[in-house]
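Paired with chain B in one complex and with chain C in the other, chain A is shared by the two complexes that follow.
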Partner chain A sequence: MPENFARFRRSHEFWLLSVILILVVGLSVMTEGFLTLQNLFDLLTSYAFLGILASGLLVVLISGGIDISFTATASIAQYITMLLANKYGLNWFIVFAMASVVGIALGAINAVLIDRLNISSIIVSIATLNIFYGLLVFITGGKYIYSLPPWFSHGIYWFEYVDADEISYGINLQILALAVMFTLTWLILNRTNIGRQIYALGGNREAAQRLGFNVFRLNILVYCYMGLTAGVASLIQAQLAQSVAPTVLVGKELDVLAAVVLGGASLAGGVGTVFGTILGLTLLAVMQNGLILLGVSSYYSQFFVGLVILLSVSATALSARRKRKGVMTE
Partner chain B sequence: MPTFLELTHISKRFGGVQALADVDLTLESGEVHCLVGENGSGKSTLIKIISGVQPPEAGGKIIIESREYSHLNPVESTRAGIQVIYQDLSLFPNLTVAENIGVGQHLGGFHSVDWNAIRATAKRAMERIGVNLDLDVKVEDLSIANRQLVAICRAMAADAKLVIMDEPTASLTRHEVDALLALVRELKKKGICIVFVSHRLDEVLEVAERVTVLRDGKKVGTYDAKEMNDHKLAVLMTGKEFHYDLAAIDLSARKTVLSTRHLSRKGDYKDISFDLREGEILGITGLLGSGRTELALSLFGMNPPDGGEIHLNGKRLALTSNREAIDNGIAYVSEDRLTLGLVLEQPIASNTIVTILDKLKGFMGLIPQAARQSTVDRWVKDLSIKVSNTNNPVKTLSGGNQQRVVLAKWMATAPRVLILDSPTVGVDISAKDGIYEIVRGLAAKGVAVILISDEIPEVLYHSHRILIMRNGRITGEFEAHKSSEDVLRVAVNA
Partner chain C sequence: MNRRQTLKLLGATAIAGVAGLPNMAFAAAKEMVVVVKIAGIPWFNALEVGVKKAGGEFGINASMVGPSSVDPAQQVKLIEDLIAKKVDVIGLVPLDVKVTEPVLKRAQAAGIKVITHEGPEQEGRDWNVELIDSVVFGEVQMQRLAKEMGEEGEYVVYVGTLTTPLHNIWADSAIAYQKKNYPKMKLAADRFPGADVTDDAYKTTLDVIKAYPNLKGILGFGSQGPIGAGNAVREKKLGKKIAVVGTVLPSQAKSLIDEGIVREGFLWNPTDAGYAMVAVAKLVLDGKEIKDGVEVPGLGKASVDVAKKQIKVEKIMKINKETVDALIAGGL
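Moving on to the complex of A and B:
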């Protein structure tokens, strides 16, 4: 497929992949700790939370909307679920179902406000972020939950493997959930009509309406899916942290947004892929991890992340402009 | 030919406005039917009733292939084979050609995507009308003309029996318009009825068999296109007689205001020499891309030439910015009034005085409100701009009145040379006439005017002299009163 390859070479994903490879090679040479099984395993485990949220936000961005309230949604889902799990025992299936339902319900609130009142999604989600978060902290008094049910604290470990230093690896809860959510997102976007309708909606809202797409239903689906990912992400984060802290998650939404935008999704809607999002997240993770391994202060790390986003977005904008010129002179 | 659709006694009222009053219309299979009328004549409302977006009032009947409806909804309309191609084409730029064509058949509901079916549908639609586009290319990477083909293919995929095209030629070059008209004839052969809604009367007559004219929500009549011409249609649409033809003036007796000698700019235009005299209206026409607009921008200091000279009142002029051009008494009304000529959200008054803020400003650089208002009032009166309040945003005005505001803004600078680039695009015939009158009045006061347009009648009837541009060069010069539309058309397309 030389034609497909040529298309891939011009894509945002190809560019990202190249940058990541250069970074990986550079970091492997410059540091001892980067290219170790332990480091890569830790990276995957600790970025699963951002990754799952990124897959939800990707869908929202493609539809032409935006949501920044999902960290508050995740905090609430996490708090309610763990509170009840402590009280009633429960099991894996029920806690995930519960967190998902809380997430979906809060997502539906966003969707209804955005669609029915026709307010821009950024405004709605800034408001709901504050409402959700404010209520949570007010009601809980900001109290942490330190003791989780033992089965939950233990987590899941499949295909366990213990190396010479007695460090164990395997498919843990975080990696499993990340893989499931990325796969699910990819299936929805590329293999269902709803997914293509979401792309269409983001590409040209008015045309979608004229064709008779049910825009309200699509909005409900999109924001509820975001809520679902927030619910799932919140539990794997609680499992990793071994505690529930109502004030810890809010503030991470911009990291998630950064990963998705780095991955090529456009805030204007209609554009973005799961593969791109994975690469965007990888770039973010490798960069942050690499800078720590190189002994760079974490403030610098933030500076570099910002710089890379700026460069990436500028590169995309420039190539889009060149492309437009090409079409004009055709 | 069999009747496909019949409308009888169709009326529609929006609040206090009677958008349509007792309109009858029949459309036959395999005919090209043009719908013309000024803005607000009811064309769009009629289309909305046919496409099921709006119901007509009680008493109206819609008969499609002998099935009777009192009103339609969009689904019924689509199922009956009615497709509307809107001016903005309603495409999804981020999706592929195949998806855009097959979207109506294959992307509804909630199940897995059948990519093979989508591609097959798209292929079949393209074959039906004999076009060949790459199915996997995103629509945003296509030219406007090809995007239009995608929109037509989508209508074909939906098994259209009636295709309504709203202003399909608005953003096409002449060459592309010809290709589109050829395609329309092809559709017609297949027994499809095409309704063409267009402002450009010459194109309308080229392709149509029948023309229906609407005015103020009423049907003026349906006519055989062969018996019509631009002038007759204009009269039917507006109910007014227009007096075209500008009295010839003795140019040799007049002082030269602006002249160019061997003016060139690589890639834009070459070896341009002409003289523009006091009180003269000089028309410049040519196909899109002939260098007209680029030349105008150079005269306005925005697109510096790389060779040759410009003289203003005998003095050599080397403009480096439009600010200098304005200071030298040159004004330019741009082609794209919506994005370049006006700040649509801002009040009419602010738009009018924006070019002369320096002259108006008083103490500490502030604009005295009294002076502002009196200036604005004077222009509103002089150009008879219809406004209820000059503090309303410009976007609340009609196209014709917006264009008057643009003219006012430039006339406020008291220009000696006024360059008008396509000044009547998107403006109604009667509003057009008002603009021509203003321009004539200016010329009579001694302003030298350059009128750029791709509508041949416009330059012919409203200029003293006409230059033809082609591939960046002047290829012909005609005196308007000794020329005709046909002569000019041949010269332009030569």
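Moving on to the complex of A and C:
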């Protein structure tokens, strides 16, 4: 498939992948701990929360909107679900269903406001972020939930493996949820009619409307999906942190947005892929992880993180410019 | 009584009323508002209890406010509002001492007294109140970590951010104490940020365990540092090999302490801190001379550094298997 490869070579993902590969090779040579199964599992586990949210935000960005209220949505879903789980026992299926329903409901509020009042989505979601979060802190008094039901705090471990140093790892709840949500997002975007409609909506809203797309229905779907991912992400975060704190999630919006945009999604809509988002997230994760493994002093690490992001974005921008020039001279 | 007399009477009453107002205001209780780092988290909820309690005891109308997110600019706005409201005393737990410096100086120029807590480097204050001596606080925790590590081996230190003033003072003091007293111990890497957020401390710990396989100790300054580190150590079943010590909230750390992963936690009592800020405000409002050994109402003798505007009451709280339940019962 030389033609396909040539197209891939020009894409944003190609440049991002190259930067990541260079980093991975470099880190594998320079550190012992980087290229190990254990490190891979650790990274997947600790970045699952951001990853799941990124998959939801990707869909919103492609549709031409933006949502930054999802951290507040996640906090609320987490708090309500774990409060009830502590009171009534419940089980895995019910807690995930409950968190999802809360997320979807809050997402629907965003969608209705954005679509019906025709206000810019960033303004609406800034407002709802504050409303959701404000209500949560007001009603709960900011109280943490420290004790979670035992079945919840033990989590799920499949294919558990204990290595020579008696350190155990395996497929856990975080990795499982991450894989499911990325797959689901990919299926929606690439294998359904709705997915194509979402791209079209973000690419040219006017045209999509004239073609007779039901824009309201699409918006509901997009923001509810964001809410669903927030609900799922919130539970796996609570499981990892072994507690629920209403104040810790809000503030992570920009990390998620950075990963998605770094992965090639456009803030203007219509552009973005699941693969790109995975790469964007990988780049951020590998940078943080690698710098510590390399023993780089924390005082420098932010500098290097910024540098690598700038390099990878510049590479894409340069290749895009060359491509445009090529088109003009043809 | 005809109409003219009635009017005269009404007028006289009105004048008397207006003239009487300033006197009434003078007689009213003094007002103090404490601005904290963020509203609505358990730590500052506990601090608020102390503020209100002292307010009641000393007849000061004391209350607490805080921004909805950890943002120094929002603290500035809150303080500006308080200057406009003409309160008598502003209390502050600063986020970024540089950002709040100009607005505090404006408050002082307007005749408002400024009492800080956790702000030894804050300019524009009358007094800073601490319940711990920063140097001693770092040293005590290093002593405990050294004991757990058998006074030898590699350890790392976490702070909230690399620029959080107090965390870094504690870290400096702890590391200096180790270099002086425990030559067989070694700081494996420069201190790591992230100890204010459980997830970050968790991630960092997973990486640190791999990067420094001989690691025997983690010292966390910042309330979530030992929690995140403890979760990672528990998950990797390294609780016997790696000792975690640091600043924690009792209720949050309980399970990690019971399992012996967090060997001991250190803190001061936020309720005492809120109380102390109002108590010092009382001394200032009463015009008492504040010098070394002064009696702070309700808290006892304080060591005072007049030149540096520091008031310290020694109250380190130790959180371990013996004390944790009683502290939780006390609402912490």
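In this section, the second predicted complex is superposed on the first by the 294 of 330 C-alpha atoms of A that agree within 3 Å, B and C clash if a C-alpha of one lies under 4 Å from a C-alpha of the other, contacts with A are read in each partner's own complex, and residues count from 1 in each chain.
The rule is short, and it goes like this: contacts are C-beta pairs under 8 Å (C-beta built on N, C-alpha and C of every residue); 3 or more make two chains touch, one makes a residue touch a chain.
Owing to the predicted nature of the structure, the values given are computational and were not obtained by experimental measurement.
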item: Joint occupancy of chain A by chain B and chain C, clash or fit; value: fit
item: Which superposed partner A:Gly142 touches (first chain B, second chain C, both, neither); value: second
item: Partner chain in contact with A:Ser297 - chain B first, chain C second, else both or neither; value: second
item: Contacts of A:Gly33 with chain B and chain C, given as first, second, both or neither; value: second
item: Chain B versus chain C as contact partner of A:Gln237, first or second or both or neither; value: second
item: Contacts of A:Ser75 with chain B and chain C, given as first, second, both or neither; value: neither
item: Most chain A residues touched (candidates chain B, chain C); value: C
item: Centroid geometry (CA): angle chain B/chain A/chain C, rounded to a multiple of 10 degrees; value: 120
item: Minimum C-alpha spacing, chains overlaid - chain B and chain C, in Å; value: 33
item: Residue ranges of chain A in contact with chain B within the complex; value: 190-197, 199-200, 202-204, 206-208, 210-213, 270-271, 323, 327, 330
item: Chain C contact footprint on chain A (complex, rising order); value: 31, 33, 36, 38-39, 42, 46, 49, 130, 133-134, 137-138, 140-144, 146-147, 165-168, 237, 240-243, 245-248, 250-251, 288-289, 292-295, 297-299
item: Chain A-facing residues of chain B, complex; value: 74-75, 78, 86, 88, 90-95, 99, 103-104, 106-113, 140-143
item: Complex interface listing, chain C residues touching chain A; value: 38-42, 45, 68-70, 162, 189-193, 197-199, 202-204, 206-208, 210-211, 213, 227-228, 231, 236-238, 251-252, 254-255
